[in-house]
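First chain written, first letter: the chains are A, B and C, and each begins at residue 1.
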Amino acid sequence: MNWTRHHLLDIESLNAEEIQLVLSTARAFKAVGERAIKKVPALRGKTVVNLFVEPSTRTRTSFELAAIRLSADVINFSTEASSFKKGETLRDTARNLEALNADVIIIRHSSAGAPHFLARFLRASVINAGDGAHEHPTQALLDAFTILEKKGRIAGLNVTILGDILYSRVARSDIWALTKLGAKVTLCGPPTLVPRVFEAMGCRVTHNLEEAIADADIINLLRIQHERQRKTMFPSLHEYTSLYGLNRARLAQTKPDVVLMHPGPINRGVEIDSETADGERSVILEQVTNGLAVRMAVLFLINGGQSPEETAAV
Amino acid sequence: MNWTRHHLLDIESLNAEEIQLVLSTARAFKAVGERAIKKVPALRGKTVVNLFVEPSTRTRTSFELAAIRLSADVINFSTEASSFKKGETLRDTARNLEALNADVIIIRHSSAGAPHFLARFLRASVINAGDGAHEHPTQALLDAFTILEKKGRIAGLNVTILGDILYSRVARSDIWALTKLGAKVTLCGPPTLVPRVFEAMGCRVTHNLEEAIADADIINLLRIQHERQRKTMFPSLHEYTSLYGLNRARLAQTKPDVVLMHPGPINRGVEIDSETADGERSVILEQVTNGLAVRMAVLFLINGGQSPEETAAV
Amino acid sequence: MNWTRHHLLDIESLNAEEIQLVLSTARAFKAVGERAIKKVPALRGKTVVNLFVEPSTRTRTSFELAAIRLSADVINFSTEASSFKKGETLRDTARNLEALNADVIIIRHSSAGAPHFLARFLRASVINAGDGAHEHPTQALLDAFTILEKKGRIAGLNVTILGDILYSRVARSDIWALTKLGAKVTLCGPPTLVPRVFEAMGCRVTHNLEEAIADADIINLLRIQHERQRKTMFPSLHEYTSLYGLNRARLAQTKPDVVLMHPGPINRGVEIDSETADGERSVILEQVTNGLAVRMAVLFLINGGQSPEETAAV
């Protein structure tokens, strides 16, 4: 199949074939990152704008480097110094960036739906780099890529997502991607953060850690936003860690070949202890490497790219 | 004619032929922005420094992208993290940047005359990206470019500049450029912001909106800096809008082919209402696109470029 | 000899031959900065990360431009917006950057030893861009380069370093480099800032300015961090200037061909007066230019480069 979409706004609207096309394209681009010359000319002369209204050094850097390795020109539009202070609307800012002949606008925004809003009136391609608690599609694609790489398949696997599901755009995008690809998804955490309403998305919901991890092929830990949630969502950070934190003892209760994932940055000693985070089952750093490959694939496909394998080094 | 200047400090010292050379050069570079590969090798291996002492994401981004599309290397020198905090002088900062073999230093500064000061001792080319309330030459060049593109000529046109003239570097540069090119310039706004002293620059000054817009071929709206001026320069924002804001009713009193311009960012509902800003007479977003072309032209000419038409894609 | 090191962590562990190799390599790269096309393809497709945990626009810009002129791709990792706010460790941040297939991580950090810490677990090359009061190796290399360029030799020269030695990483790196290359180093300043313990590094220590400058071939002035030290380390800024500030009268007491250096930014009127800083003996701006050449050399050698002379223009 060929890629036909002009934007990447969410995982919800993609079908399994589209997701698989991104993953197979990303495989070719992962190889580019391992070459002596980590660069291909695919997007030479294209302009990519990083419009990060919510700060994020990691994701922005990953997109920036993905664009650079495709030989695109990248502009980072900082909101710190931007016109938002002067009261300009998001719509006007985006249209001004597009007027610079931008081909792609990558947006992160604290409001759910901001990328979809932009896509309604922009000719440039819009990529959602995280919108509120809604979706973070490239994170789900890199998680799926990593699972496929480690397990050889996704269909039929038991994937447990552990932690703050309610406020997590990563959780939502992961659930869409993994269920579309045939995985069985279990959500686990305190009842305040993992309400039963998620069962409507086709997931099993449990508040019992032992039950959630016993048959898991993959455990995906989400970051506890303890700065914000500590006071309201659970009695104490210590209690969260004692009930849901992953450590050596709990790892002993999992399948021997379980794979541990985390979108980062990790809170060492909160949702995972250091020994487990750095252990042989953890693929946290490989997720970072795969994120770059997946973002190259998305940028490539959205700009009409067809065969990454034929893309010679610059 | 050939371009002979090493710096672009203001419009005041340019003659009409020089302005026209920039505009015709910009026409060729505008076409570059419409290609699949939006890049030419003209300034390959040149170093351009954006020294923005006064923050401005829009203008900096436009210059940055202009330099990138000419294949120059660009350094953004942020004043946030800079040595100014340590008490270094502007002179020392600029000479240190030049010592990095910079070919061009683009400066925005809150003090009028800062670019001229640098030009007195730097070997690198200096481009004024806005100095206090003095001049903003590339804005005037893009305004002239846009008028020429829309109307086919500038000489003999009636151009009305509306709003805060007194504190506006855009107004001063526009007045110089447009009168040199033969337009008849009318300035309009409250008496506190549009004093009669501007008649000495060859403009008509009026405080009556109807009179200012009736025969205008172009209306250039300036941003009301209402954060600062509201309390001191006019009784209220509401009063400004009711007396001078552009809207559908007032547009009906203009020539049917009037062109509406604004340097951005716009205050929707203050100097212009949304319907008018987004209407078919507005060329506000085209000004942004043209700004990139004009800045490419300036960078090209100042570095000794001759024929942009012969500049092949990279 | 060939360069064999994977990291550049300090000057202390280098031998004289290694230092001389950097200097001779830098000579070739200085010529690149004087070409019309200031760029070579040596590091095309390599990824260089500037990880500046302590802000520094000058040094970061110098490294960034050095990498760009070698055709590397550069990512600036700002700590302002970074994950450090979320409590991530330096180790995790560095490993995440490395997971983006970074080839080189350039680190500045307020803690002495941070680069050595990273080098223990990273596969990427680590370059120390200044760690606390410990070392700033590329500053010492550019100082040695400048001395060699001006004097034709380093061995046997009398080099006086004047000012805040105790808290200066520049002083420590300079002392290591210059004594390894055979210079005789004198340290001078107030007893609180120049303790006798530095004699153990092979230096002469004096608190008498006349004695320190009388036979100096080179005087290297360090910046007085008067914001911090004024109250604690010496009675007043005025007293420092009157006892140790360099000015015309004191310059008359030096050798006629003495060379004046300063790592910048200078405090005009404190450690040096303006006339002397801008005078013909000052090579302060040449140091900036040489810093770029030295950093290109370090990046080139650390990535396995051999003969910069054979590196054609891009």
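Things worth noting here:
Simple rule for what comes next: a residue touches a chain if its C-beta (ideal position, glycine included) is under 8 Å from a C-beta of that chain, and two chains touch if they have at least 3 such contacts.
Model, not experiment: these values are computed from the prediction.
Least step count on the touch graph, chain A to chain C: 1. Chains compared, chain B against chain C: the Cα-based superposition rotates one onto the other by 120 degrees, nearest 5. In whole angstrom, the spacing between the mean C-alpha positions of chain A and chain B is 40. Residue positions of chain A with contacts to 2 or more other chains are absent.
Chain C meets chain A in the complex at residues 44-47, 73, 75, 77-78, 81-83, 86-89, 92-93, 95-101.
Listed in rising order, the residues of chain B touching chain A in the complex are 33-39, 55-58, 61-62, 64-65, 68-69, 80, 227, 264-268, 285-286, 288-289, 292, 313-314.
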